[in-house]
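Labels for the chains are A, B, C and D, by order of writing; each one numbers its residues from 1.
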């Protein structure tokens, strides 16, 4: 029988994959993808907890996360386009202008 | 009567304020006159009080107003006029009057004439507070007040520059003034502690209330209070080891030396012991009292020995003051309080006279004080010569002058108490006293004329000054004759001041007196043979002898000032410097700054993390996240 | 039984697809695999009985967000392989692995399980969408409205940011054009 | 005038706001007028103060955040009354004596705001309000040092700010914890100090809280070893800054001990007697020695003021009415005397643009008035009887003698060491030959300077001769405080140590 921990484990693994992506990629668009992976991983965990505890709060959170993700993508992509117009690249190494 | 008390107390204060009004303007002769008259009024009031007390025996006690009250502590400005304080009041106001008049002449050419009178009258006021107060804290007001006035007056010629110790042992007036103030402050701490002890154990500082409690106090408390108060007395009365300031204080104008550093302020310590006589005559503090007597005897001898070789006119008189203070303490320590008080009064008269005479010489010699540059001044300054000789005879203790009676009584007391060693020392010191005081007379007024060659043209002091000094001269002669009646007067105060010689001593009294006289005369004769003769046998300076060990030891005051400078002043300065530059700036502030520097440095080092590259930040974020996760996991496992 | 099969199948597929998303050098591949992964995740939601969430996932993520991505990609050079200086791979996999390990350990050991309590239990006999609706419009009404507002703001922001100077070409260098125009003008003047 | 305290607090602030629109030339006259009105108001406060009562008077309470128990709660007792009057007085005199200053309008506005915060601290009876004013007072002072200071002003002002700020943050934590305990015991939130007084805390809690408050107050006092900000602050601050800093800001620390530490943590206070006394001793002796080594007159006075604060600290922990009253009185005396000394140094600095003793010498003959006033203040500073300095110092030492004779004797050396360094200043500045050519042209005090100093001289002598009008209300409040501490103390040692005056027992 599939239990809560199964779902949590798969969520953890997906989250880690997303993390690896975040760490590894230098292209901003790819970073966005990796972030989406992480968000989705978390959503699974919420949905699973919601299910196994018979509590809708988890689903609500997942729901809001999706809303946040949507806004994030909308604004984020807008910024990416502006950046691309300005620098002609989306590589983080080229965008490092705030050196301390 | 109460009004008279206020008059005696506040007349000098009014005089001081009046003179202060003109303090910054040029010399106005009436300032001196008004101040002198006001002091004279204070004297008349004191004398009336004394007469009244003698006639009626009623002690006047008044309470002016509250001063400090906090918690259970309560002290007010209260004044008492009893036999002890009235003696002091009369002596102080009398000598002050004479000195004020004298100063009109002496300070004639000084541009700070008005300021001088302001200070001098303020001093008299403080001294009156000191002697009249009916509680220890009121006494302390006067105690500190005279200290400040002494500081102002010693440093009166503040514009003089510092000199090397070899050229001028007192360095400069302002230096001497500071030394006097600080030394006195050291002693004042002792006095404050004494006040604390008395307050916490008796719950009051009123003399009568404190003394009434004394029999119920433990021995340790009594001893502690007696020691602490005596430390206070040691400072003001310049007892060893706090004595060096007194000779240096001679940097002040001569009237100041006469009034403060001979007749009145320095006797405040003796006065304190006499005032607190119920405490010092307790059986528990016998050891302390004996210590006081021994220290007094030691100082009497010690100061006299330094006076033997001194060349400075004023410093010799200062040493003699020190020596006589030693006598007074010897008497007070041995329990003969009234004799000490009597000697105090007699000493005030002849010592003030001696100082004022010295001032005349100084005035005549244009501030030259070196005895070796004088000689045979007698022919120019007959009046002064007579006064000084009289005073020296009194000091040397020859009958029938004042010094003989009082000093002889002290020496007799030492014999009576079976402290024969002290007795011997005191007798020997009496001989030395006679020697050095006549050495000074002979060197200045007799022998060969040495000053003309140096270009001095001495002249006698103003007439009115000499007339003004006459009361002192008269008193220096006659005071001793009233010893018996004074004894009757002061005995009324109570048992604790009463002191009688035993029958055995009484029996031997004449012989003892003769011994003292013999020593004194011997001293005078030696001085005469050595210094007073003219012609072939005239005194010549012996450079070789001045290189001798003892001579140099005495000349340098047993190297005590040098010792203080090398082992206290300089190390204190050094330690202060170290505390400031090393400890405070480097260690304490350094620690604070290094904390700040740590944060600054940490920021500076970690700044390189801020590459501006988002990828790097993400890496760091991940590291942080992993760390937090691990901590959460571990703590969850443990918890 | 079908639940177990579905779970493992979806798990394997999502892990694989997301790995492709993260590792691939080609944006197109990444995006395609991401979109497929999203669809499979909605599958998880359906297994868990969160029908409404699953549908939202499909509509919003796969429908809206992925569409946005694909439109955005048209601005960039999507066919070209991305050249990246990758970070030290050992560090990356160490951190990723550690996270995974710790998280898995934490979830596998049911330490927190007892602490979670059901606050808003699902009503018996009521469908999931209805439950969600009730909770969403009662307790979470304010966050819901705020989320709506946020989406509106995001939409406007996206339009304004992306819509700036839409008439200008993004791929061609406009400054080069300017120079050419200037040069021809100079030539004209010379003549 | 029921709400006189609020008027006292906010009048300067409102006037300061109005000050922005005042013309630059009349700014100083405006400032002095406002400060004078404020001073008269504070005198009015004294006039209508019931000196026989020991409790809080003129209490006002307006709830601000009722849920959290935070309210605008002010009141004054005998202890704070005179500190308030001293604050207004020193602000007035400091402002009146101010010479040529650049940006005078900003200075006046800053000073008026500073005055508000200082009075706010002394009247606040709510911990949050207290903390608010406490921290706000840093800002104008930071500005005064940083904008009008000497060459190292930035370093000095930042050090001043960060140091005291760190301390007060720790104090804030302590306050929040007290409020939390209050909440957990009573179920309601309250930040009113009078409510906190009723809390009986276990001894270990008391110790921790005492430590938290101690750091906040000790840095402000400043106690050894937290004193190193003060030489910089004084050294770099303009005259008016030093005057206010020495006269009032330092008193906030000692006042904090009286208002918070002693009544709230009686047992911890008794346990802290020895450590505090040792630190105070180090303060007294060590800083007196450092003062002796200084070459700059202002630094001598700066260090001397640390040394005198040591006496005040000692008195606070004497745990008897003599010491505590003396300590509060010494706060006033130190405020007036060191304020006056800083003003005097400022006056000579304005003339010669140096404060180094080696540059002077023989000034007494060219500036006699200056020398006389300096002399009076010097004597008050070394604690001469019949000046204001003696009463407090004597009572503190007297009080602490009951606790420990040895410590008192060592602390008593301050009367010696104080004389040593002050007389050194006097000697090198005023005495000796007038050698330096530049000094020969120096002008004596002008009318403005003389008349701003004469009130201080008058107070120094008046309160030295007749301290009763001030000492009596202080003493009443102190006795009440000690009674309260004695009742509240848990341990027997503390009860033994806290000595209630006999006279106050009779009243009960």
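The definition used in the following text is that contacts are C-beta pairs under 8 Å (C-beta built on N, C-alpha and C of every residue); 3 or more make two chains touch, one makes a residue touch a chain.
Computed from a predicted structure; not experimentally measured.
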Quiz item: If we look at chain A and chain D, which chains touch each of them?
Solution: B
Quiz prompt | Longest centre-to-centre distance from chain B, chain (CA-based) | solution = C
Self-check item: Centroid spacing, where centroids are CA-atom means, of chain A and chain B in whole angstrom
Solution: 91
Exercise. Starting from the mean Cα coordinates of chain B and chain C, work out the distance between those two points in Å.
Key: 96
Exercise. Using mean C-alpha positions as chain centres, tell me how far chain A is from chain C in Å, no decimals.
Key: 6
Exercise. Indicate the whole-number Å distance between the mean C-alpha point of chain C and the mean C-alpha point of chain D.
Key: 63
Quiz item: Touching two or more other chains, which residues of chain B qualify?
Solution: 615, 619, 622, 625
Quiz item: What are the residues of chain C that contact at least two other chains?
Solution: 87, 91, 95, 99, 103
Quiz item: For chain D, which residues are shared contacts with two or more other chains?
Solution: none
Quiz item: All pairs of touching chains?
Solution: A-B, A-C, B-C, B-D
Quiz item: Contact residues on chain C for chain A in the complex?
Solution: 3-4, 7, 11, 14-15, 18-19, 21-23, 27, 30-31, 34, 37-38, 41, 44-45, 48-50, 52-53, 56-57, 60-61, 64-65, 68-69, 72-73, 75-76, 82-87, 89, 91-93, 95-97, 99-100, 103-104, 107-108, 110, 113, 116-122, 131-132, 135-136, 140, 143, 147, 150-151, 153-155, 157-162, 164-165, 168, 170
Quiz item: Okay, in this complex, where on chain D does chain B touch?
Solution: 159, 162-163, 224-225, 227-229, 286, 289-290, 292-294, 320-322, 325-326, 329, 362, 364-365, 368-369, 372, 379, 382, 384-386, 390-391, 394-395, 397-399, 401-402, 405, 408-409, 412-413, 415-416, 419-420, 423-424, 426-427, 430-434, 465-468, 471-472, 474-475, 478-479, 501-503
Self-check item: Residues of chain B that touch chain C when the two form their complex
Solution: 615, 619, 622-623, 625-626, 629-630, 632-633, 636-637
Quiz item: Which residues, counting only chain A, touch chain C once they are in their complex?
Solution: 1-2, 4-21, 23-27, 29-30, 32-34, 36-37, 40, 43-44, 47-51, 53-57, 59-60, 62-64, 66-75, 77-82, 84-85, 90-91, 93
Self-check item: chain B-touching residues of chain A, taken from the complex the two chains share
Solution: 19, 22-23, 25-26, 31, 92-93, 95-100
